[in-house]
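Labels run A, B and C following the written order; every chain starts at residue 1.
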Amino acid sequence: MKLKSILLSGAFAVSASYAAAHCHNEVPIKTISNAFPAYEVLTAAMAECGNVESELDKDHRLKIVDAFSANPSLYHIASITNSTSVPMIDADLLRPLDDLIAAHGPNIGDNMKIKVDGKTMAIAAFANTQHLMYREDILSDLGIAVPTTWDEYIAAAEKIQAAGVVDYPIGHYMKDGWNLAFVFINHYMGEGGEFFNDDWTPSINNAQGVAVLERMAKMATLMDPEYLVSDTTFVTKQLQQGKVAMANLWASRAGAVNDPAESSVAGKIKFGAGLKGSATAGSTIWWDGWSVAKNISDEEAVAAMKMINASLSSDVISANNDAAIWLAAGFTPGEAAQGAFDTAAGGAPNYPMNKYIGSMHSALGSGLAAFMTGDKDAATTLADIEAAYVSDAKEKGLLQ
Amino acid sequence: MSNPSQRQPLGLKILSNGFLVFWCVVAAFPILWIAVMSFKTPLDAFASNPFVVIAGPNTREMAGGLSILDIVLGLVLIGVLVRQGARWLPRKVEEYAPTPNLAMPWLIGGGAYALVSFILLVLVLPAVLGVLNPLAGPLGNQVIGLTTEHYEAVWIDRGFTRNFVNSMVVTLGVVTVSLTVGTLAGYGLARSDSLFAFWLLVVALVFRALPHSVLVSGYLPYFITSSEWLAPIFGENAPTLYGKPWAVIAVLVAINQPFTIWMLRSFFQNIPSELDEAARVDGCSHFEAFRRVIVPVMWPGVITTGLFSFLLAYNDFLVTSLLLDAQNMTMVPAIANMFNRETTASDEVQAIAAAVSITAPLFLLVLVFQRQIVSGLTAGAVKG
Amino acid sequence: MKRKTFFIFVGPSVCMMLVFIALPLLSVLWQSFHVTQPIYEQVEVETCTAGLLGSTCVTEMKTRPILDEDGKILTKTTFVGLQSYRNVIEPQKFNAALANGSWTDLMNIRFWAALRFTLFFTLLTLPLVLGTGLMIALAVNNTLQRIKGPVIFISLLPFIVTPVIGALSIRWLFIGDGILTAGLEWWLDRDIAMFAQAWTIELMMYMYRVWHVAPFAFVVFYAGLQTVSQDAVEAAIIDGASRWQRLRYIVIPHLMPLVIFLTLIHLMDAYRAFEEIVGFSASAHVISLQWLTYEFLLQDGTGARAISRASASAILTMIGIAILLGFPLRRVWRDQRGS
């Protein structure tokens, strides 16, 4: 065991020193990012350049806005996504990167640039979405075709349950709060629903909203009754332990479900495109990547850019091919990434980049559980959520 | 129990001791169980059959395990160490330290003892067993799967030692400052019968009731921008409070002050005021009286109160997670981070291993200070 | 003691409390009556985002805050009176629920549901904690001298263990097919999901709190038992008092100040219950007042917080604690006057 880990770490050092050849850093740089494995890879590559302190923190979003507002900024580089980029761009805390990319960013492709009014504000490193993961053996034994829509999915789940293969055929990340709201948002978009009227007042209390809630309740009957505490890790474990047959799960988990070290059903799980609603894809695409603070010196900004460039070199990406669905060159989509690409090809939209959806997401997060537990009916739940959204948006100055 | 009329009827004895056994099982089981889980591979650790979790077949296959001989010798050694820790250590410390109740000799003694135990258990015992096992025949066959890979991952790969050092800095800082400030205030309050003193205590109590999440999110923006708003006072050198251990120490001391001064006040009230009044008659000022008369007799109460400060600082999550950066992160938020990141099952078992690791120093602390807690409380540290 | 000396003694402590507790408290109070909002404008923005199949650009009207010349967001602060409090306690819905006499309607208002749970949690666990603590203390006091040390050690474990970790360790025993749930299922021969309905989660939270805090009550009571006057006990034995009578008339009155002390501490800590909600992921079914505050404080996906409502809810929590503390404090006050 020991010997194995020594050998492994040796191999790690070799692959890492590859990256070191490309960059050498003298200026002290601090980074803050989410704690995904993908960021472990990127920050490890940055560390090879030297003089960098990296903070991997899943609560980073609570800090980045305040930290970047300080002058000088407390960090030079921060990771942001579709949604966390909004306050950063609004408060004008990010440094436009076009000149730096032209001079020091040969590894940054055009497909990775997040542009606002023509200026590159962030560099997307990888993408994420949600797609179908299913037990190939169970579906083929029962002669069920791979589902492509939520309705087919539910029908398939009912057959699996009737056949008694597993107690609860589906797993879903319906944990109260952010996750539960996110499930609603995805389904609602899949039904072609609009969250807002033209004046940003809410418009979810409609037939589509009720239909989505009813479908969520229907799915809940096919899930482990503890679904309101089940987050992505919980669902991953359910798949790994063979307790569920299907899940529409984050693409970043595709690697783990077939990892023989953790999964008792490794190799039996296959991937399909994200499930569709009656109108369009019921998944959203997220990007995740680097941004550079505005309140730092030019010298530091150059060093930060060089480091971002080094972290996204094709050597690093290809050495860690399965850690994420990379957007940088050097990535070869494997079997695990296919589901994500199929989802994108199926027309999945990006998760919206605006403030109103942030407020709506919170209101949904604290209001939906009452419907799932049966305390409220669908229409009352949606009306209460609309009221909560209005009161929240008014307090935040978004609605008059 | 010498008085025959106080001898207990058998029924009561059985009932009382039965209840005690039940309670001990309830108290220890969850902690023991996560300790067992931390030594298994994810597949075994999260199995639903308890016997699978204990035996760990998958772990045995992947990483080896323990033989009956290992278990027996290991348990004997742990038993001896715990026994010696509870009996021999206090005697030795009292023998060698000039003033037996000072905290320092205890910390040094305890730390040295922990180090020796660690070396014996982790380095010496496995080496000895490596020789003995092949000779022991069937007793040397592995029966229980066990792996220390999660501990290695946490302490070596993830650099948990840095978090450990940070925790120690914050905890010791809080204990020292909070006791210094609190002892003075507690003594002042105990020797004053003004109405003001009473209301001060009541207000402190209301302060203690304030929800921490509100306090902390109130600090966050000020801590981050402190170099700007402190600039008029400190000029160029105005510090950024965010991420600084001493800023967190100050916050934790303040949060803990109400409890500390309540405890110490009741303790000092139980020290007869004739003692320091006599010293005052001899011409001492209040401070001299405090130093000469009170300080020598205050240690039982101070140690007990200090233990509570230690627990608060060591176990704090909300304050440390929001106000410290990665370089100064203490252990509890670091573990919470491990749990909450995009976890795989191995990450979770690593987090469990880390959780068990941070419980170990607390074990040691209580083991060493157990008598002081009871005697400090008995001497009046709590009197309402 | 002279006033000046007194102030020198308590000064450092009072200063720290003023800076780190009283000032934030005042600012919370101020914020609960005010709302601070950025000033927004509508602008047309072209945004290009990355995707798996290449980037996509859209041009749309966006709401954006106006920045001043220093690059800070322009904000305006308005006095709103009790509006934030109204937003938290939702009086119309409350009145409607009262008019209907409907408990379910009332429990569908988040603040009242949180208040209900917080009060139940605080008041139900109080006697359990005191009772369990006293029982352990009496049992330990009665047991053999030789095993007292180890028993005290084991009894203290739940109290010293880091709360987050203690809650998680209990959660693992029950969640999904955790071993205790699996054991219960095997014993009762039916499917059990401990995290699927409100009452089981609530029960687990009560159990956890008692498990975690009873050791503190135990060690305090145990210390108190060491100082029970042996003369009084012996006199009572000579008078023929039974074991129960001795407990009732000598031991418990002796421990009464400790009961008050523990009650104060417990009321404060339990009323702020928060770790249980996180540790047991209970927020779908039950929430506490501090959780409600935390939820307002939590930034939404785009970084905005509901500070006014959070402050209002925090102040309401404080008022609640102050009322609850009033009862035991009256007694302390009387003792103070008496002595």
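As a convention for this text, a residue touches a chain if its C-beta (ideal position, glycine included) is under 8 Å from a C-beta of that chain, and two chains touch if they have at least 3 such contacts.
Nothing here was measured: the structure is a model prediction, and the numbers come from that model.
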Report summary line: Farthest CA centroid from chain A: chain B
Report summary line: Using C-alpha atoms only, the most centrally placed chain is C
Report summary line: Per the C-alpha means, the centres of chain A and chain B lie apart by a whole-Å value of 38
Report task. Determine the centre-to-centre distance between chain B and chain C, using the mean Cα coordinates as centres, and give it in whole Å. Result -> 21
**Report entry** Interchain centroid distance [CA atoms averaged], chain A/chain C, Å
**Finding:** 32
Requested in this report: Mind pulling the residue numbers of chain A that touch at least two other chains?
Outcome: 62, 69, 237
Query raised in the report: Which residues belonging to chain C are in contact with no fewer than two other chains?
Result: 176
Query raised in the report: Which parts of chain B, given as residue numbers and ranges, touch two or more other chains?
Result: none
Query raised in the report: Which residues of chain C touch chain B in their complex?
Result: 1, 3, 5-6, 8-10, 12-14, 16-17, 19-22, 24-25, 27-28, 132, 135-136, 138-140, 142-143, 149-158, 160-166, 168-170, 172-173, 176-179, 182-183, 211, 215, 219-220, 222-224, 226-227, 234, 237, 243, 257-258, 260-261, 264-265, 268, 271-272, 274, 289-290, 293-294, 297, 305, 310-311, 314, 317-318, 321-322, 325, 329, 332-333, 335-336
**Report entry** Sites on chain A touched by chain B in the complex
**Finding:** 1, 5, 32, 34-37, 53-59, 62-63, 66-67, 69-71, 74, 232-233, 236-237, 240-241, 252-253, 256, 259, 261-262, 264
Requested in this report: State the interface residues of chain B toward chain A in the complex, per the touch definition above.
Outcome: 41-43, 46, 62-64, 147, 149, 152, 220-221, 224-225, 227-228, 240, 242-243, 321-322, 325-327, 337, 340-346, 348
**Report entry** Sites on chain B touched by chain C in the complex
**Finding:** 3, 5-6, 8, 12-13, 16-17, 19-20, 23-24, 26-28, 30-31, 33-34, 37, 48-50, 53, 86, 181-182, 184-185, 187-189, 191-192, 194, 197-198, 200, 202, 204-215, 217-219, 250-251, 253-255, 257-259, 261, 286, 311, 314-315, 317, 332, 335-336, 339, 355, 358-359, 362-363, 365-367, 370, 373-378, 382-384
Report task. Over in the complex, which chain C residues touch chain A? Could you list them? Result -> 35, 37-40, 45-57, 62-65, 67, 71-73, 84, 87, 104, 107-108, 110, 175-176, 191, 193-198, 281, 283-285, 295, 298-304, 306, 308-309
